[in-house]
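Labels for the chains are A, B, C, D, E, F and G, by order of writing; each one numbers its residues from 1.
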Amino acid sequence: MTLLDFIYYFVLPVLSISILLIFIRFLMGPKMVDRIIALDLIITTGIGFISAYSILYNQPTLLDVAMILALIAFLGTVAFTYYIQQKNKP
Amino acid sequence: MLIAVLLGFVFSLLLVVAGKFFRGKPAILSAIIPLSLFVYFSGFINEVSGGGVIRQSFKWVPSFGVNLGFTLDGLSLLFSLMITGIGFLVFVYTSTYLKGHEYLDRFYGYLSMFMASMLGLVLSDNMISLFVFWELTSISSFFLIGFNNKSEASRKSAITALAVTGLGGMSLLAGALILGSVGGTYTISELLNSNQVIADSPYYIPIVIFMFGAAFTKSAQFPFHFWLPGSMLAPTPVSTYLHSATMVKAGIYLLMRFTPILGNTEFWNSTLLIVGAITMVYAAIHALFRKDLKGILAYSTISALGILVFLIGQGTEKALLAAALFIVVHALYKATLFLVTGIIDLQTQTRDVTVLRGLRKVMLPVAIAGFLAAISSAGIPPTVGFLGKELTYESTLALISMPVLWIALILITKILLLYAGFVAGISPFVGKLPEQFANTKKPGMLLWLPPMILAVTGIGFGIFPALVEPIVFPVVTAMGESLGNEHLKLWHGFNTVLWLSIATIAIGTVLYFILKPSQKLVESAERFEFLSPKALTTVGWAYFNKVSSLWTRIFQNGYLRNYVSTIVVFLIGLAGYSLYQTAKFDLDLSTLNEITLYEMAVVAMMFSSIFFVVFTKSRLTAVASMGVMGLSICLLFVFYSAPDLAMTQFSIDTLTVILFVLVLYRLPRYLKLSDYRTRIKDGIISLAFGSIITVLILEVLASPVDKTISKYYAENAYVLAKGKNVVNVILVDFRGSDTFMEISVLAIAAIGVYALLKLHLKETDQH
Amino acid sequence: MKNRFLSNILLTFIWVALTGDFTLSNFFFGFLLSFFVLKMVISGESRAKYFRIAPKVVAFIFYFFKELVKANLQVAFEVMTPRFQMTPGIVGFPLEASSDIEISILANLISLTPGTLSLDVSDDRKVLYVHSMYIKDRESFIAGLKNGFEKRLLEILR
Amino acid sequence: MTDLIVGVLALFGTLFVFFAAVGMLRMRDTYLRISVTTKAATLGIGLLLVGSAVHSYELAITAKVFAIILFLFLTAPVSAHLVGRTSYFSGVKLWKNSVMDDMKGKYNPETEELGSGLEDEPENSDSKK
Amino acid sequence: MTNQLVIYPLLLQLFLSIFLMFAWRRISWQRVISIVGGFINIAVSIWLFAFIWNEGTHTVQAGNWAAPFGITFVADILSATLVLLTAISGLAVSVFSASSIVAARLKYGYFPIFHFLLLGLNGAFLTGDVFNLYVWFEIIIISSFVLITLGGEKAQLEGAVKYFTLNILASMIFLTAIAVLYGLTGSLNMADLSIKVAAIENRGLVEITGILFLIAFGIKAAVFPLYFWLPDSYHTPPSAVSAIFAGLLTKVGVYALIRFFTLIFVDNTFLQDTILVMAILTLISGGLGALVQNNLRKVFSYLIICHIGFMIIGLGLFTEMAIAGAIFYLIHDIVVKTNLFMVSGLIYRITGTNSIRSLGGLYAQYPMLSLLVAIPLFSLVGIPPLSGFWPKISLITAAFEGENWWVIGAILFASLITLVIIAKVWANVIWKEKLELPERLNFRYYEKLTNEGKMQLVAPIVFLSLVSLYIGFGAEHVQQLSSRVATELMDRQQYIEAVFKSSQTTKP
Amino acid sequence: MEIVLAIMIGFLYAAGIYMILRRSLVKLILGIIILGNGANLLIFLLGRISKGRPPIIAGDLKVFAEAYADPIPQALILTAIVISFGLQSFAIILIKRVYKVVKTDDLDEMNAIDQDS
Amino acid sequence: MRTIILKTASSYLLPVLLIFSVFILLRGHYLPGGGFVGGLIASMAYVLHAFANGLSDTKNLLRFHPGFLMPIGLALAFVSGMAPLFLDLPFMTGLWYPGEIPVLGSIGSALFFDIGVYLVVVGVTLTIIFTIVDTI
């Protein structure tokens, strides 16, 4: 089994399953905060996805996308929590 | 001739700037223009009656084959003389009739514009320029009918008149253009050569119908006649000039002008016969049931126009001569009667024949003019009216089919017209002067002289028919018929025609003494008013308006979702139909890449997040789901080699989420507002749309593609544009203009957002 | 001024790392760039403090990674076994750290490691509320944190 | 050899992500889920990233990878903190088996102030902003 | 100098927009810049027009990339004409805006956005690239969104939501169509597409792509049954804004339809029949709609729709004569519709209302203005020899030659109903006696304006009226122009050669 | 995979239209965004997709050594995305302003313009 | 938001993100990135700062209205597009400085154009978000 086979047959499928599991949490909620966490984790998993993918296709340029994801996902979370906080203001 | 035609336009333009000057005393000076034109055209009588035709042509829009081409032959000369002659008298009359009116200058402006248009109409040798002038007469008529613009009835009548004549105008346009296409030219004189081609063409009937449409509306033939009585709300000079003497005869002119081109066919003749006959009888009967002088005159005018159409329909040279003569006759006596009515109206403030009596005592010259016009209208010798009537009977008698019927109809018409003429021209002046009119002021000479001149001319032509011959005979010649050695005579000997004349006069006079116009009569007619074309048109128009409202409300119902679904359904319909016709659905699946689990996972996430956006009840959840969707798309872009896209997609999505989040928390709840059925309906529409897109994609993917351009980019990105990220090189170099505009879009959006949130108009700022 | 310079150097390193271009010219460009950026972001009143580079940092990093791996294994065990052995709760952790930067770093490190999550700092900055998965009793939990992260961190920062 | 290192890194990275995913589903309250994700994801993703750095065997890539990891470690705890406090303030309940809640009653939603429980001590009252 | 002449109008507008943004709050400067810019723009456009008229179609290969690799800007005689008309309408509206747009709106970027809009219009007319056309369309859309919402009053916003949604929908369909086209041919250059689309074997796919473009542009052109956004929005913004919208926005859609369906999607009877049916229904629908409105600007809005039908009919008939008619009508309509909406603005300034029921008294109070107003009104009707009349000759003749009786019927119907509507408008707005309207404090009535303010309102109307009189009385010139446009449009080869001709001069 | 993506794009279009047909202004704008995403993916897919070959010339090369993904659709989408972003942000603010002025999110109530004025 | 943790984080993330954004901008011609994404990241840095510290702090930090960046960026792009016209080359023709410059690689009009894009994007994003936050 080569590394690429390993990535192809193990890493990516497991990451796929993980992302789906997290997505189920996203769908289930129950609170908005749960969705926010799930979304955050989905994005983080996406970074993993990208790095595995960049190994598989030998395309390290894809890691740039991962970089953007890492940075900007954070801002999304900040915005969502800001929203909830504003909404809870009497 | 160009100058002759343009003179009126120039004068009306002059009035725009120099209106104030002509508003007062100098108003009468404007009559110089029609007078000089009359003199100018009179100068051609000799030449034209000698068979001469004067032509002039000026280039206008040669690309369309449109020239300002003018022909002065017998037909146009007759009309030109009428237009300028009667025009002169009306101009003179108006200066007193509307003395001191604040808009007198505008009135003259419209009037001279009309005169010029009418001249242009009858002189045009080009169908398009004829149409141009035709429409200008309609428009000037609109302004003149609506001259009393503060009265709602006036405004309505103006609109009605414009609508009906406008309908005719459209018809004329279509007829002229088709005729031009078939005949190969718009020049009328050239079309004469191709009349056989035209008659044989499959478009002959449509052409004739269009031409009839124009003529019948303009000349107030049944059932389009109703605008004419309505237009009587215009000041009397207008009624005189436009609505009895000249403009309404434009339709007659058109028929006569095109007789040599389109006439002499079964369809042409019988249609005109029938329509003319119906109109003359119908209108003549109607004249019985009026008590308003102008109303009576309006209906008798319609009837007279019917007679003219009837005569043109007969088509023989005798009939055409009768028509030509009758045009003159009618113009003379009807203009007189209108002018007389105007004087009565002006001096007594009423036009009700049931109260008008004995006015001869206060306005004798007017009474004389009225009397002379009445006997001319009655066709009593030695008036020119007698000549006209004789010719009419003569030609009708010569008809091959059903002469008895036609004679009966024309007889009835003539009797009723005699009655109408007497009522209008004689009855106001005879009998005892009622108290109320005792102090009526005498009309000034400038008022009574014009009708007097017309009336006397009528008698003069009757006594000396040779005077009218050089005007009337060339008309027939111009229509392509030859008259041989005929002459107009008062005395033809004892023949059927004479007996008919005697019968007409006798019965008519008896009728005048038996039947007095009364309120009762008017009311009895009003009971059937709802059946009249006017009433039917009014009802039809109301329905039309209703339908318009309904149609407009069905499509433009204010609901955005209905607009969207209409558009989408339209797209589905067209594209679906086209796809159904052409799609092969034979996809070559082997060329498509295999599917991996991670792709499926992303797609599954995508699908579910879409579902979630659509069906969730929470706005914020929807927005978060959009985030998931964005990430899924981002991952797809990563998988399929588009890192720049992935970056951008994700950043933009996050930014959008932030915007949403900042905006949303003040909004109300995210409710499901539509009912179940709407949702099902919308669901079906949406899925149909989606399916079409899917099928379309698959079809496109199955067809070959040319990648020359992207290959060029790849080969030259570094070599020529010094960049290795080809996408970026495209963005800033190969297709840099796109990017420039893209950032402009952003800047505009930002300004828009800034303005949308910061700009609050104060009350003082609004609008 | 010193802090400012250090920040500048730090940013320059980040720049060089990002570009992956370890040349002198790039270093120089990075320095100029960071200088400009710092000029852009530092307003008169707030002067951000930055790490002092010290050998302790290295030791701390190793300690941190050890904790991180430990925490992850713990979580792995927790989630993959059918029954939960957790005793979660929120504890108010009395802070010794006082400056913004100290509190923040401490809180973040706590969040990153063993079953714990910094929820918030009280407005008077005396208490850091920490959520933890495994709390036997309050005192031992607090002591663990005090002797672990807080002590090591403050050693570096002060 | 490189492949093997990469493989091991990827294996553990993947597993940690997977555990986090399972934890995300299984954990009983929001706070626990936050705890789980912050850790597992950061370490798991970190390992995967290091794997790809090793695989590429390029300095530039390695630097980039460390930049990403740095960003992740900078931001993950902050977002955990934000979500955690937001959850608490918006009234998300602790799991029923939770043993203590020191924050209970300390938060005043009107003023958005979070007390420490130590305010009564007079000498510290001036440190409050 | 003239090598790059084709894009000077674009550069000028772009420069003006940016310059105006720098002069953000100095609204008196902005007024001057905009008007002076308008004059320069007319000069440049005339220059371009004369150049193209004499030299034939000219191109600029942006970025110096030979077609079809870069973005090509093409000025054929149609584009040059439309650029010139944009300049004319643009100047008129600039001047009109200077007085009629309140200072508050000017302070929030009215003029920069206005010039961006003109930029977008010029770009759309000049580009020879499908995707670039999309981008120009977006410039137009976003600037029109901003202009239509500027001020944010209730009616404006409600209108804007509909305007926004349906235009975005159109953009999406447009984008989809571009994607399909690219998927089929791998090209975006219009001349190149003309060649490549003709070579596609699967004609069905070409037809569907055509349908997508038809609907996308049809929405923008406000053709039945896609016009809904127009009557719900055009009467809501200030009249200067409606004026430029009315004159030019829908015309961009018409232009795009004409360009695409003469250059790329030709020889498809299904498409042509569809276009014809849509055109007929547009004439009818617009006419019926205008008949039942009470708001002056709504009447004009429906008339816009109605008259779009004339242009689309020309395209549907697809003969040289018919297209010449459509072009003539297009030229006339741009000038007259812009003018009409300015007229509605003037009337609003005078009376404080646009409700026909409440209007009146203009004839008595302002006879000269009434006369002035008569010119655009009756030009619109096509009272010969005013401008609206001439194109009908070509259209009816062309319809007759194709034996399309329905088309003739629809043209006549629309002409007649326009006549009746304008007669009604005239009777009710100009003739009717003045009614007592509720007092509006703070409203800047016309009579209260300074002479300069009055002139800024009236002068542009006079200017455009003169232009439309020229179109009517100088019909020969316009008809020659239209015929030439039609000839060029029917001869695709000419366009294609012009685009690829200049390729030798560029790299590589 | 193309088939799956084709179906997914169709689904995006459908969902976009469905959302636009709702009565809520917020949903309408979400619909527009979804539709925009659909259109972008459509461009992407119709430009033909390939895995793991970004159109970036590697290292010291001057031209591509191997096959690469078509960069044109990517550039088009980038432009389209950015433009959509401009429009979307304007639309989102429009919601805010509309709600402030009209006091509703229900599109069916935004018909004041239909009354003659 | 009243949290010192975020506040602290934002103050160290701000310079890092700005550096990062310039990095993304400059290498766009060679690797994924470019003016657009770069501009977005720069603006997000400020947005983050605004979330954590309040808008007025961020505005003080910026010292000028971000909207001002839009005409500047557009003007820069305009000039870089116009420049070739003076050499009688078409609009937007790429002009390149012969030879390579350290760090940036080739210098050409495309680079200035991309910087223009960057500035416009920063200006646009910040204008939009600041306006919204201002009017909440």
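Here is the rule we use: a residue touches a chain if its C-beta (ideal position, glycine included) is under 8 Å from a C-beta of that chain, and two chains touch if they have at least 3 such contacts.
These numbers were taken from a predicted model, which means no experiment stands behind them.
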TODO: Spell out the chains that contact subunit A while also contacting subunit G.
DONE: B, D, F
Open item on the list: Counting one step per pair of touching chains, how far is subunit E from subunit B at the shortest?
Closed with: 1
Open item on the list: Please report the minimal path length, in steps, between subunit A and subunit F on the chain touch graph.
Closed with: 1
TODO: Looking only at C-beta pairs in contact, point me to the busier pair out of E-F and C-G.
DONE: E-F
TODO: Please work out the Cα centroid separation of subunit A and subunit B, and write it as a whole number of Å.
DONE: 70
Open item on the list: Rounded to a whole Å, what is the gap between the Cα centroids of subunit C and subunit D?
Closed with: 12
Open item on the list: Averaging over Cα atoms per chain, report the distance between subunit C and subunit E in Å.
Closed with: 62
- [ ] List the centre-to-centre spacing of subunit A and subunit C in whole Å, with centres computed as mean CA coordinates.
- [x] 23
TODO: Give the residues of subunit A that touch two or more other chains, as numbers and ranges in rising order.
DONE: 15, 17, 19, 36, 53, 58-59, 61-62, 64-65, 67-68, 71-75, 78-79, 81-82, 85-86
Open item on the list: For subunit E, give me the residues that contact two or more of the other chains.
Closed with: 14, 17, 21, 62-63, 131, 135, 138, 142, 145-146, 149, 152-153, 161, 165, 169, 176, 180, 183, 186, 188, 232
Task: Of all residues in subunit F, the ones touching two or more other chains - done: 20, 28, 42, 46, 48, 51-54, 56, 72, 78-79, 82-83, 86-87, 89-90, 93-94, 96-97, 107, 110-111, 113-114
Task: All pairs of touching chains, each written as two labels joined by a dash - done: A-B, A-D, A-F, A-G, B-E, B-F, B-G, C-D, C-G, D-G, E-F, E-G, F-G
- [ ] Going by the contact rule at the top, pick out the subunit G residues touching subunit C in the complex.
- [x] 2-5, 7-9, 11-12, 14-16, 18-20, 22-23, 27, 57, 60-61, 102-103
Task: Complex interface listing, subunit B residues touching subunit A - done: 596-598, 600-602, 604-605, 608-609, 612, 618, 620-621, 624-625, 627-628, 631, 634-635, 638-639, 641, 643, 646-647, 650-651, 654, 657-658, 661-662, 664-665
Task: subunit B partner contacts - residues on subunit G that touch it in the complex - done: 28-37, 40-41, 44, 47, 67, 70-71, 73-74, 77-78, 81, 91-92, 94, 96, 105-106, 108, 110, 113-114, 116-117, 120-121, 123-125, 127-129, 131-136
TODO: Spell out the residues on subunit F that touch subunit B in their complex, using ranges where they run on.
DONE: 1-15, 17-24, 26-28, 30, 33-34, 37-38, 40-42, 44-46, 48-58, 61-64, 68-72, 74-75, 77-79, 81-90, 92-97, 99, 104-108, 110-111, 113-114
TODO: Spell out the part of subunit C that touches subunit G in their complex, as residue ranges.
DONE: 7, 11, 14-15, 18-19, 21, 23, 25-26, 29-30, 33-34, 37-38, 40-41, 43, 46, 48, 50, 100-101, 103-105, 107-108, 118, 120-121, 123, 125
